[in-house]
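We just call them A, B, C and D in the order they show up, numbering each chain from 1.
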Amino acid sequence: MIPLSWYLILAAVLFSVGMFGAISRKNAVAVLISIELMLNAVNINILAFWHYHSQSLGYTEINGLVFAAVVIIAAAAEVAIGLAIIIAVYRLRKTVVASDINVLKG
Amino acid sequence: MLNQWLYIGIFFIIAMFLPAVAIFLARLLSPKKPTKIKNSVYECGMETFDPTWIQFKIQYYLYGLIFLIFDVEIVFLFPFAVAYGNLALFAVVEAIIFILILLGGYLYVWRKDALTWQ
Amino acid sequence: MKILEFLSDPIIGIENWIVQLLENWGVAPEWQTFIVYLIGAAILGTGALLFTLILIWAERKIIGRLQDRLGPNRVGPWGIFQPVADMLKIFIKEHIIPDEVDPIPYHLAPIISVASVLLLWSVVPFSDSVRGSNLNVALLFILGVGGLGELGVILAGWGSNNKYSMLAAFRASAQMISYEVPMAIVLLTSVILSGSMALGDIVKSQNIAYIFFLPLGAFIFFIASIAENGRAPFDLAEAESELVAGFNVEYSGLKFGMFYVADFLRAFTSAVIFSSIFLGGWRGPGAEQIPILGFVYLLIKSVIVWFLGVWIRGSLPRFRVDQMMAITWKFLTPLALALFIVVAFVTKLIEGTNQWLQVLIFLVINVALYVVGFAIVRKCEKEKERKVVSTKKRALAQPTNPFTQSETGG
Amino acid sequence: MTPLQIVFILVSLVTILSAIFVVSLRKIFHAALWLIVTLMGVAIIFALLEASFFAAVQILVYIGAIAIILIFAIMLTRNIMSDDEIQINRSWGIVMLLVLIFAVIFISQLSSSAVISTTLVPLEFQGQESIIAFGEGLLDPAGYALPFELASLLLLGALVGGVYIAMDKKGGENK
């Protein structure tokens, strides 16, 4: 009942909003949040195409599901590590502004 | 499946609506006599000092992190559990390896004392 | 005959009647479903909320008796109208909204707290035919709605602009997420046995209640659900002596009442879910022929489980925060993981054998795991030397005889 | 317009609006709260796509875990950037322009293709079947067994690495 393109447009808009945030926000946590938005947009895309393929094949197509699962696992790992790094940097240098973190040495 | 989700959606709206209406009605019925003291922040009768947004222990984040990893891991074992009846012993061993890999990390975290509240 | 048929399954009878009525009025089929769902959800939600009144009275009475008090006994026979009086009183109390609260989180928090409990009722099967929603991922949904509860707590803590509530909110949410892990693993184990994540299917597949297969799992789930509800002995987030009153210290009037209602209702709701997963839910002799019996069985089982929770609440002292975290991360989680691994392995090996033999094998495994787990914990406890807080000897307080003294204290 | 389409439009409007709040609000805590609204919207979209499993996973993992630890991290790193400060880089105008161009190209391409304008109809295989198929495929040695194990390794790495990085090595600094 809902055209495939609607889902894709929604995903595209969400992705763009997330991209804007990821590039332009100063706070590193906010950058991570924006990346989460982008990953969610990707998942909408994947699952929309999964539905499309399942409906044309007539049985549950699993490639799309596995792909979406991998995206979620990657997102979880990324958040865990990313926030840990932000907290460690914050403890050493007392800043969470992404552009101030410009030296590799602690 | 859409019908089932429709029911959940309706239920969610109602579950938000009922307490909201109750609170709204109570707001209309209740007296409103705010005073300076009454509206101040409650801190055992003392004057409030320092901003509220104090810093928190790192321990909270560590628990959150371990929980997140476990949660993701368990969630993707659920399809395995549902399909259990159709799987061969080999697949079951695979799932157990999946858990055992995580168990290595769990032991590391335990040895590092990240699980102990300090 | 017709009457008997109706009485054996009144809910479906009423539903059919409403559908007939709507059809006669010429409502489109989709809207018929919608309206029936709406009515069902409204009745279930309101009913659950009103049921809380009875729960509050019963819990206060039971706790009173356990602690050798009378409990509420003034309003009506056995004080049965006490919660009604309390409700009326709390309804007309002033809403004190402190300055500098963060308005949206502050006002939203009590609503979300109640909603997160009520939502659980939407997936519970009440009998063979009557259920809210036969969601195919009901168990994941139950776990996820628990996450919504955490959100309510954090919103309350943040919105109140108060150090104590913030601290309590973080402690409470750390506690809740920690206890969700063993809970999820145990649910995973029960899914292995039933082969479905829908709560209706799980209940249906229990020819023998799962508590006989997984007594250890039921034990872990029970403790974890008490802790997740933040009830004594795990009520650290509300420890009056340390944190004033927990994350809801800045709430008054009905907003506080909503947290109170959510707390009492959550205890019973998790008892209902426990009895659906481990005790066979609505199943019992004759429940398939006469669906109304299913309600009765479910109610009896849930009340028993709920009473156990109240009993524990009334009798055990509170844990320390480090003990509480150690219980979940160092005892329940490894035990649940071991249980999952063993059950996953053994179920495959004994597939197709006699069901009673399976029960026996599972019982032996569970008991063995429990004994081994406890033995390890004992050993660790013995090895760990006690921390010496202070070597200085303190003067003991002199006990005074209360009868010779004048009444100064109290 | 069917009711389903109306629901879709409402949900996507809420999702996009809250996503815009997420990237534009000054108070980072409020941004995290709006993120939760966005995630909820995405979960509803998944439910509309009949990916029940992922709708539940979205609620459980994203709202129940990721959002919560984001809030924890925000609390841990507070007081450093005050909320009144401007939260956006100086080059935000250019970025906005680029993103707008990107979005316009994307959307115009989408609406011009024929395949993409097919209508999605409800799937007839419901209930546990699709989850069973998913589980079988995930553990099938000829299917996705290796990625499945690798995912576990990835999570192991995240667990060990995250705890190692975030642990307080000196101890006793924070209260």
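By our rule, a residue touches a chain if its C-beta (ideal position, glycine included) is under 8 Å from a C-beta of that chain, and two chains touch if they have at least 3 such contacts.
As the structure is a prediction and not an experimental result, all values here were calculated from the model.
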Chain pair with the higher count of C-beta pairs in contact (B-C, C-D): B-C
Chain with minimal offset from the mean of all protein Cα atoms: B
Intercentroid distance (Cα basis), chain D paired with chain C, Å: 29
CA centroid of chain B to CA centroid of chain C, Å: 15
Mean-CA-position distance for chain B and chain A (Å): 21
Whole-Å gap separating chain A and chain D, where each centre is the average of the chain's CA atoms: 6
Shared-contact residues (touching 2 or more other chains) in chain C: 135-136, 140-141, 170, 177, 180, 195-197
Multi-chain contact residues (two or more partners), chain A: 69, 72-73, 76-77, 79-80, 83-84, 87
Residue list for chain D, restricted to those that touch at least two other chains: 4, 48, 50, 52-53, 55, 57, 60-61, 64-66, 68-69, 72-73, 75-76, 122, 126-128, 131, 133-134, 136, 138, 151, 155, 158-159, 162-163, 166, 168
Chain-level touch network, classified as line, ring, star, complete or other: other
All chain pairs that touch each other: A-B, A-D, B-C, B-D, C-D
Touch list for chain D against partner chain C, complex: 3, 29, 33, 36, 52-53, 55-57, 59-60, 63-65, 67-68, 71-72, 75, 126-128, 131
Chain A to chain B touching residues, read off their complex: 69, 72-73, 76-77, 79-80, 83-84, 87
Of all residues in chain B, those that touch chain C in their complex: 1, 3-8, 10-12, 14-16, 18-20, 22-23, 25-27, 29-34, 38-44, 50, 52-54, 56, 59-60, 63-64, 66-67, 70-71, 74-75, 77-78, 81-82, 84-85, 87, 89, 92, 95-96, 99-100, 103, 106, 110, 115-118
Contact set on chain B toward chain D in their complex: 1-2, 4-5, 9, 51, 53-58, 60-62, 64-69, 71-73, 75-76, 78-84, 86-87, 90-91, 94-95, 97-98, 101-102, 104-106, 108-109, 112, 114, 118
Interface residues, chain A side, partner chain D - complex: 1-10, 12-21, 23-27, 29-30, 32-34, 36-37, 40, 43-44, 47-48, 50-52, 54-55, 59-60, 62, 65-66, 68-70, 72-77, 79-81, 83-88, 90-91, 94-97, 99
